[in-house]
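The first chain written gets the first letter, and so on, giving A, B, C, D, E and F; residue counts start at 1 in each chain.
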Amino acid sequence: MRKRKFFLLLIIVLLWHVDTIEAQDVAEKKINIIVIGAHPDDCDNKMGGTAALFAKMGHHVKFVAVTNGDAGHYTKGGGALAKIRRAEAEEAAKRLGIDEYTVLDNHDAELLPTLAIRNDLIREIRNWNADVVLTHRPVDYHPDHRYTGILVQDAAYLVIVPNVTPDTPPLKKNPVFLYLQDRFQKPYSFQPDIAVDITSTFNKKMEALDAHQSQFYEWLPWTSGRLADVPTSKEDRMKFLVNIWSRTVSPDVRESLKRWYGPQKGENIKYAEAFEICEYGKQPTDSELRVLFPMLNK
Amino acid sequence: MRKRKFFLLLIIVLLWHVDTIEAQDVAEKKINIIVIGAHPDDCDNKMGGTAALFAKMGHHVKFVAVTNGDAGHYTKGGGALAKIRRAEAEEAAKRLGIDEYTVLDNHDAELLPTLAIRNDLIREIRNWNADVVLTHRPVDYHPDHRYTGILVQDAAYLVIVPNVTPDTPPLKKNPVFLYLQDRFQKPYSFQPDIAVDITSTFNKKMEALDAHQSQFYEWLPWTSGRLADVPTSKEDRMKFLVNIWSRTVSPDVRESLKRWYGPQKGENIKYAEAFEICEYGKQPTDSELRVLFPMLNK
Amino acid sequence: MRKRKFFLLLIIVLLWHVDTIEAQDVAEKKINIIVIGAHPDDCDNKMGGTAALFAKMGHHVKFVAVTNGDAGHYTKGGGALAKIRRAEAEEAAKRLGIDEYTVLDNHDAELLPTLAIRNDLIREIRNWNADVVLTHRPVDYHPDHRYTGILVQDAAYLVIVPNVTPDTPPLKKNPVFLYLQDRFQKPYSFQPDIAVDITSTFNKKMEALDAHQSQFYEWLPWTSGRLADVPTSKEDRMKFLVNIWSRTVSPDVRESLKRWYGPQKGENIKYAEAFEICEYGKQPTDSELRVLFPMLNK
Amino acid sequence: MRKRKFFLLLIIVLLWHVDTIEAQDVAEKKINIIVIGAHPDDCDNKMGGTAALFAKMGHHVKFVAVTNGDAGHYTKGGGALAKIRRAEAEEAAKRLGIDEYTVLDNHDAELLPTLAIRNDLIREIRNWNADVVLTHRPVDYHPDHRYTGILVQDAAYLVIVPNVTPDTPPLKKNPVFLYLQDRFQKPYSFQPDIAVDITSTFNKKMEALDAHQSQFYEWLPWTSGRLADVPTSKEDRMKFLVNIWSRTVSPDVRESLKRWYGPQKGENIKYAEAFEICEYGKQPTDSELRVLFPMLNK
Amino acid sequence: MRKRKFFLLLIIVLLWHVDTIEAQDVAEKKINIIVIGAHPDDCDNKMGGTAALFAKMGHHVKFVAVTNGDAGHYTKGGGALAKIRRAEAEEAAKRLGIDEYTVLDNHDAELLPTLAIRNDLIREIRNWNADVVLTHRPVDYHPDHRYTGILVQDAAYLVIVPNVTPDTPPLKKNPVFLYLQDRFQKPYSFQPDIAVDITSTFNKKMEALDAHQSQFYEWLPWTSGRLADVPTSKEDRMKFLVNIWSRTVSPDVRESLKRWYGPQKGENIKYAEAFEICEYGKQPTDSELRVLFPMLNK
Amino acid sequence: MRKRKFFLLLIIVLLWHVDTIEAQDVAEKKINIIVIGAHPDDCDNKMGGTAALFAKMGHHVKFVAVTNGDAGHYTKGGGALAKIRRAEAEEAAKRLGIDEYTVLDNHDAELLPTLAIRNDLIREIRNWNADVVLTHRPVDYHPDHRYTGILVQDAAYLVIVPNVTPDTPPLKKNPVFLYLQDRFQKPYSFQPDIAVDITSTFNKKMEALDAHQSQFYEWLPWTSGRLADVPTSKEDRMKFLVNIWSRTVSPDVRESLKRWYGPQKGENIKYAEAFEICEYGKQPTDSELRVLFPMLNK
């Protein structure tokens, strides 16, 4: 027992040092990004490239899946499937180089905007000391996406209210909230207020999707009747992913790229991810956005 | 008992034949249409004419009322009123010639988008093997209409997920989801993506409304202070209905009619019903819509 | 199409005959029994022997599982598991000779006494025109068992109220509600008001348990660390089931057997199932019980 | 307008006087009794005689029905029925001479122990400044009765907590909570800790039941198949009520009567109502009970 | 006791007179306005100036806060804070000269669109016999604002349905529902259908904000890191309020002012409050709006 | 940054050692005890003495408060009060020497047996790898106590089901569940199946209560009108606590003490805490109980 106490003491001393180092991180303006998607693969698919860029630059990125994905398969389900998807999410995080991938234990396809889940998200955002929060718009094809959007909207502002979830200290300031890109037009189409060049991390993003084997090689092909088309070799699989999941840069995202990267560079960017500013968080200026998205300055 | 077994055996053999015939129906491209309204009279009022056309052509039409209408009266209420309205709905279905009118047993004026009701709607859509699903937009004057719209939106896509309501086999493909016409402008006005000439079934539609006696001759006139104006003879009642409930073709519906029926024919159509494509179901091409709405080809 | 109409007509005529035969059944005092358990195997385990007796005598027995059993396994789960369990339940019903086994589509291990589920049970009891309803006591080791007991208690009496779930006509009289046997002592121990000799159907009961392969050979042995002990041959499996699941007749059940079968016969009954009268349904006299449980007269 | 101000001023002055008089009432130890039943007739039926006694002695009695009784009929229902029952309750209150009969607007046959209803009951108890609160035991044949019992149990103690429903000042002391008599035996039978001689107000009680015409002459006879037996003349109806609803004094209630009224008087009391002390409120001594139930002293 | 009866009689007589006077009010077309905000200060901030104008003209104005504001502070909370805020609201009502300020007892920052709260709002609107109902748009930075908007939308139309909350008689006509001004642009920006010149009551409005001390001098400055800037003298505090909370008239509100007050007068109005017509209530004509907002005629 | 990596590596190495030491603990049969009370002070008050004994012997004790206690005061409330109570709980844990005191962030006085909270408790029990779980009986004066009892009952058994809360690995065996002592008699009185001599840790227990200053010196005296009697010096306060909160050993607890400690020793024990075995967990033998409660062997 004495030995144990000694080690614990030593650990405490060291953690102190680490904390000090962490404090230096802040001094160096490390950005804390939290991405909140509905299922364990949504964050990857919608902002995996940008996340990998942030990670490469030493910033702190966390992915959160609000549901455990326990419905997304044609022969598996329940807790058994949830365990597979959690492991896939952890592998994806490793491949992207991000800090954490938390999978909340709510049923897939049954998400509702309850107070309990809203409060869990408030805690996630606070504990990450988030500067930027990203999520789905409340218009999207899957009800879980829509309700995830609503839950995060409902968390905005409350993250600074100390009487809300008082077990977790409030943020000092309301973060910037951003929406992930989608293709829906009503009641208005996605506005690419920011667009990030992800060409350099595009392969990492595809590697992250590849980690979600139960999704990109099983469930999603099944839903579109293409299960037979899924290749088996790693090389072919990567081509298969690129083929299906690399979005062409749309005209309005191209405009945004030009705005942020200059007309010439913007014109030639191959892969991009775009984000829309949510009105319920901090409304940043362009120069504040360049601080929060330092890759826009390169 | 022996006799009974014999008859049951006979029935099984015969049902087998019927099944075979049903399979032929599919071969002949019978369309399965399900209309999901909030109260027992909403489907009739919003798409009774088109439903009668489908029925006349041998297609399979089902109406579903999500609530039992047990609040829509000034002197009756509760289960007693619900029974009246169920009988009226059945009579209306008969007059329109459609296959089924299901009245779900949820309280009128208390509808909320719960999982239990969402799952019931998923089962209805699956059991009907629906090609087309129609419902209210989530903007409308009555909260039950809005929440019906949300419930059906939330059912879209999940109808193909086998782990959702696993007691009912999933659809092979996400159907086309359409919104019924309304007059609301915010956040954007109804878009008549399709418009159907219902002049030939307009009378049948009025007959269907006439079947909902507790509504069109009692409750609705009462809410507008016109109870004294309700006539008593059948003939006068039909005029009264036409007077109030026949919508003039609006300019944008007229445009849609011209697009689908040609400029000349479209210009002269007297009565029409229009529908907007919901973004959360299958996004059909024009030629796919002509398959699903074969009356547009005439 | 003409052929189809002919067959349908024929069917209607035949169904008419069957209906007439059914009417005779009632005249012959066929009893309608509905057993409501929490999971797809609880009814079988608690009253499979008595159910088989009823069935053999031509009475109408229905089993209902309130949850779909989608949590009861160590490697499977969700809708995928629910489908397996539904098939096992149907096989068990066939082996017992009972009329129906309905598996309601509620999540296993998440049952709560909601109005929606209460109303579903009211409809089940009414549609079965039940004379006798059996369920768990609200004291038992599994929360789903307890809440099933509460749900059925809450349905008692309301089954005769026409304004409740008005889509389903009310029963003319409150049925007799009975509790299935359990071993719990608090706040008071199970009272064997009735005890039925199931020696003659005991094998059928074991066959029914055998149909629930995922439970009796996989999940339940796993929870008690005895997975390795499960035999593979049918013969050995039956012995294994008898070994574990044949309850010895307890002293108070023995007393009840003697009361109903006479002291001598009662003393020598090998296998029995016992039931306690719930105070919230009809309170039957002994002679009424002998009508409802005609096997007690033999 | 000037005239109006004058009158208002006058009223204020007068109300001041009345308040002073009220203060004297308290000085004279007027008892505040609140009875909380599930439906508009339960309070009357279970403690109408005692309530009339309290009222005659100048104490303050309030009845509360937690549901509006909108399901208790075979041809009426909903809000339409609720209005009838509210009027009947008001008439019953007048006949008993009690101060108030509040009918909360919750659906009959759908009561659940929600926080919203619990809080409404806390407000009722506080606003009445209750010394004694009476309600159903959580064992009874109707789920609404059971959940009413649970709701009132859950309100006990919280009525003194100022942070709960802070819009209504808390009581200074937890009142005495009592259960109304019922016939149920499990998990233990009703304990008649107090028994009140209601012979002198028995007729008033029957008059109160008579006020609930939709119940005692329509719904309740219908449920027991005796609708044809209901007489039409007032005199015959009163006999009919006495016949069915006058409870014989049971042996244990007789014991309680002897204890409170002395052996001789207790032996000869014709009609009684009995109450059991709930463990979750103040636990009164016998002499405290004699203060709260001053009719026990006569 | 005799004295008491006399006074009560006198009061009844006088109340009769007052009632008659009230009836005259109606004859003089007094308008009944109800404003439903999320927290105790939202109504004041969004329409305090217009409310004071209505009050000055003798119309009947009621403010309702749907939550009790028990989360809006950094060192206080719960019921203790709710009591402070209720007192502040009452003081604000006095300063504005309006009739009532009701604070519903729902938790701040936890509002959800439940049936129980919807029904409470239906009762508030009915009991006020409202001609005009004002509330938040369902787009706003705080979830409580959004859900308040949804709750009031859901109450619209149902206020005239007698079977809904049958304890409170329905309105004869659906009132005009209006939205309070906000700065949000998506899915569409606030439409100033009406704009009211509040220059003459602007000081009263600031006095009302001043009454909410816990908000305007504590909580709100704290959230923006300006707690140190809050002055202490009354005079400086008023300047501080004006500085922060007097909205400049935006171009589209200016257009609306010109439309309602004429181009010249409209051009020079210093302070204004604007409102948007909700589509779910009565759709008023301009001349009906001039009746409901008589200050527009001056 | 390099320095940081070095420290982290060092920490990992050390944590490895600590883990190994922990493994030895298990080898030495350290018992894991989790106590789940409703409010932050219930665990201390009901089993603080036994907890201190366990801790002294090197076993692992965790207290959980299901609510954050944010209603338990007369001038404070909400998150502000919750923070005070969390700090008091942490101080109490330190004084008792136990490992952890977790305060879940649910509102005091509003606890309901929801799935979300049940699942949180399942995670707590699993993460503690609990051998013994203690909680309130579902009969007690405060609704939060009763619902805590129900929640823990509902967690029993499910803690071993892997498909339930699949984010947390299930326990290998259902723990022993025990009830904390209370004074309630219905439906049956507390059964002291185990009784522990806490005389040696009684002072520590009083020190733990003393840590909950807002409760034992403010709120609880206030509710009993004894606020003025609370002393100020530490010494007097300890006497005050002992005076009120040291329970006399009741006759049935005395019997249990004699059974476990022998008649002579049992007769003379001054302070004790007693526990009742819950039927829904593992049913331990006496010798198993002596392993789980090793202090019984002394």
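Basically, contacts are C-beta pairs under 8 Å (C-beta built on N, C-alpha and C of every residue); 3 or more make two chains touch, one makes a residue touch a chain.
Being a predicted model, the structure only gives us computed values, none of them experimental.
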Chain labels contacting chain A and also chain C: B, F
Partner chains that chain A and chain B have in common: C, E
Higher-contact pair (C-beta pairs counted), A-F versus B-D: A-F
Furthest chain, CA centroid comparison against chain F: B
Interface residue identity across copies chain B, chain E - same or different by half: different
Interchain centroid distance [CA atoms averaged], chain D/chain F, Å: 40
Intercentroid distance (Cα basis), chain D paired with chain A, Å: 58
Residues of chain A touching at least two other chains: 70-71, 73, 77-80, 82, 162-164, 166, 187-188
Every chain pair in contact, whichever chains are involved: A-B, A-C, A-E, A-F, B-C, B-D, B-E, C-D, C-F, D-E, D-F, E-F
Sites on chain C touched by chain D in the complex: 115, 118, 153-154, 156-158, 160-164, 166, 187-188, 279-280
Residues of chain F defined as touching chain A within the complex: 1, 3-4, 7-8, 10-11, 14-15, 17-18, 21, 58, 68, 70, 78-80, 82-83, 86, 103-105, 114, 116, 119, 162-168
Touch list for chain B against partner chain E, complex: 70-74, 77-78, 108-110, 112, 139, 141-143, 146, 184-188, 223
Residues of chain D that touch chain B when the two form their complex: 70-71, 73, 75-82, 107
